[in-house]
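Step one of this worksheet: look at the structure below.
Labels A, B, C and D are assigned to the chains in the order they are written; within every chain, residues are numbered from 1.
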Amino acid sequence: MNKVFASADEAISDISSGATLMLGGFGLNGIPENAIAALVRKNIQQLTCISNNAGVDDFGLGLLLKTKQIKKMISSYVGENAEFERQLLSGELEVELIPQGTLATRIQMAGMGIPAFYTPAGYGTEIAVGKEIRDFNGKHYLMEHALHADFAIVKAWKGDTLGNLVFRKTTRNFSTSMAKAGTITIAEVEELVTPGEIDPDAVDVAGVYVHRIFEGKHYEKRIERRTVRLEK
Amino acid sequence: MALDKYGIAKRIAQELRDGMYVNLGIGIPTLVSNFVPEGMTVIFQSENGILGMGPYPVEEEVDADLINAGKETVTLIKGAALFDSAESFGMIRAGKIDLTVLGAMEVSEHGDIANWKIPGKMVKGMGGAMDLVAGAKNIIVAMMHTNPKGESKLLPQCSLPLTGLGCVKKVVTELAVLAIKDGCFHLLERAPGVGVEEIVQKTAGKLIVPEFVPEMQIN
Amino acid sequence: MNKVFASADEAISDISSGATLMLGGFGLNGIPENAIAALVRKNIQQLTCISNNAGVDDFGLGLLLKTKQIKKMISSYVGENAEFERQLLSGELEVELIPQGTLATRIQMAGMGIPAFYTPAGYGTEIAVGKEIRDFNGKHYLMEHALHADFAIVKAWKGDTLGNLVFRKTTRNFSTSMAKAGTITIAEVEELVTPGEIDPDAVDVAGVYVHRIFEGKHYEKRIERRTVRLEK
Amino acid sequence: MALDKYGIAKRIAQELRDGMYVNLGIGIPTLVSNFVPEGMTVIFQSENGILGMGPYPVEEEVDADLINAGKETVTLIKGAALFDSAESFGMIRAGKIDLTVLGAMEVSEHGDIANWKIPGKMVKGMGGAMDLVAGAKNIIVAMMHTNPKGESKLLPQCSLPLTGLGCVKKVVTELAVLAIKDGCFHLLERAPGVGVEEIVQKTAGKLIVPEFVPEMQIN
């Protein structure tokens, strides 16, 4: 069993134009920096990207937008990116907006083998148009479907060669669920360790979900809104 | 005199109770965390995966791996818990969050809220707002009473695309505190020095005004 | 905010006859020993107990069976208990058997605010009788509903006074999901600590789900099948 | 000569491939873990929340907090992961487990399986069997070819209440290895020294017998 790849470029080498990708992260928090850079280098086109946000102009998914590799974004909020707005208004880019909790749960359900479920989010709004609406205990719910992807690409803090992943702080976000929802899941980690170095009680994503893993380099971990207070 | 944004946040903070779990939206709602009454434990949730969000970090504490749903660097209180987005919205949907405070473009007398989309303008997305309004046990809207054109934002029905249906229980504006019940706004309090007539004039939806309308107690 | 109770008896003091309880544990693994003992002492009757198993004759839920406090068991497997069998055959005890994964997921969904979902388990079997059957992508699924309880009672390894819980090894089992599904959730822990002593990244169940917590005593941690090998 | 339970387990172990994630049921299936071919990494899942289950502990390693789905004390391999039941069955349902090996009372020529309930007898429950057969990518049944009364357990259709419909791909008994396809059992191998006639006679369901039926290679 070998899941270890030497580099981001090798790990993504078989992703081709037209693929549907899930990319972990919330804003710039916990994004797969190395894999995104490799996707830009590979210059595949017509990607459908499922990611909560679309990065900023010069980092994160913004890099793939700049090179016009993305055909469609599936997100909950995309407001931090001028190039995004330009492509959207010009019709070059397609966008599907999904409530954040519905997006997270649709991805989670894909990783649990549940094809459909009911959620109250969006009832009575344009999100509900065309969806099955159903009452349970007097409350209205929409039927939503599991959301799958050809490749899920996530970034974890630590990982072992069997694919077990551990995340730090708020970098779990969409990444843990996406890791379970990809037909092929690719994880980049800050530190790749040997089996036994991760406490089995501390694993966030079990290795069974992860098909490829590599140690990333030069993490920039850019901060989108650096907010500080003065006194301790 | 009409309240400023801090005044609105202070008034909303009076709705907090010991032991509450609270989610604060971006903008004025975020300010509420600065005015938790002394001796009260209120735990803040951030929907990107924090229960027990603390204040902004001092410079040396800044950690790129720890942000809130507004993408700001934050800290954790002692006893915080971290989790993923699916878990976070499960918590919200299951009604475990006692109170959500969020901004709005429009609120209707039926408690409908519109806060994510203006036709003809670039739509950035609803983020977590639709899940929050559908899931939280109690929703307070913090907003200005009127829009920049001077038009009422408290309407018979929303003209903008909805975020949620019949979910807002209370609205706090720079002028007033209003409850929403039985298809009407109910004037509960007015800002210090603000007259009932001004509130009536700036509220387009059905408004019930009791004989005596107390002034908010803000210091 | 005070969630801390001095004893199991105080923590369960308002549970009354006829209540629906979820009890964590898998066999005798990770069961709320102190709370079960308190329920026996309180001698409330006509309980509906949702628990994967029913304990053994003289431990776990077997203790509540012996005292005939249980009206109905909702479980996936109940085979380790002679008194159980006697009560079932005599008609004193009602049993609802649910596939283990469906049981786990129905409980999980209750804690996520999802009223119903689709699962393939049990399609074509007697479990499917009377249920909505639906096709998704050419495969058959049953609609299953979230499963709630008046009280969820679980046992964790460590907990803090805000209700955050950490579990050891396989004691997570049904307990983590049940903790999120109870209208009132009661947790007993081997060690109760102050906030800050548990790493936020290590929390299995966030405090928001836990209404009452107490430090249990004298954990017996009985082993149902002690299997060992001889040489290292 | 018919295989004993170790022989059946050894034959099933030949179905293992490097990198497989495997769930083993109670009884003969559990024995398969003893015969993983040299140099192959196979990771065992236990549905109560283990990925990377190891052998039974030596006396000093026994930990009451660590059991398998059969409620036996076990150990973890290096690189194991622990999780709850909901996660475990999510993994199973999503098809992440490559192979499930389990026992059965009856298997039909259509791949239906019955292994949880005998009418008139005390029913202990299906445990995780219905989820496993509905979710696993590949299911091999390990069982005796006939019941204690000598009646075939490989039937045109199951007479007992079903556990799952059309899910079994392969059956290994003390006499034979059979594939299930297109509504028939297909005889693939026979146990060393066992004649095709015996298998034919003990198989009640439709059985396709090729001209040459190789002997299992078991050592």
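The rule we apply is simple: a contact is a pair of C-beta atoms (placed from the backbone, for glycine too) under 8 Å apart; a residue touches a chain by one contact, two chains touch by 3 or more.
As the structure is a prediction and not an experimental result, all values here were calculated from the model.
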{"item": "Steps needed, at minimum, to go from chain B to chain C via contacts", "value": "1"}
{"item": "Chain located farthest away, centre of chain A as origin (C-alpha)", "value": "D"}
{"item": "Chain centre separation (chain A, chain B; CA means) in Å", "value": "29"}
{"item": "Inter-centroid spacing, chain C versus chain A (mean Cα positions, whole Å)", "value": "33"}
{"item": "Cα-centroid distance, chain B relative to chain D, in whole angstrom", "value": "56"}
{"item": "Where chain D touches two or more other chains, by residue", "value": "82-83, 89-90, 92-93, 135"}
{"item": "Chain C: positions in contact with at least two other chains", "value": "105, 112-114, 119-120, 168-169, 200-201"}
{"item": "Pairs of chains found to touch, sorted by chain label", "value": "A-B, A-C, A-D, B-C, C-D"}
{"item": "Contact footprint of chain A on chain B as seen in their complex", "value": "46-50, 55-59, 62-74, 82-86, 88-90, 92-93, 112, 122-132, 134-135, 161-166"}
{"item": "Chain C partner contacts - residues on chain B that touch it in the complex", "value": "18-19, 21, 41, 43, 45, 51-52, 76-83, 87, 89-97, 135"}
{"item": "Touch list for chain A against partner chain B, complex", "value": "26-30, 52, 75-80, 85, 88-89, 97, 99-102, 104-105, 107-108, 119-127, 157, 168-177, 204, 221-232"}
{"item": "Touching residues on chain C, where the partner in the complex is chain B", "value": "1, 110-114, 160-162, 164, 180, 194-196, 198, 200-201, 203, 206-209"}
{"item": "Contact footprint of chain C on chain A as seen in their complex", "value": "105, 109, 112-120, 134, 136-137, 139, 141, 145, 167-169, 200-202"}
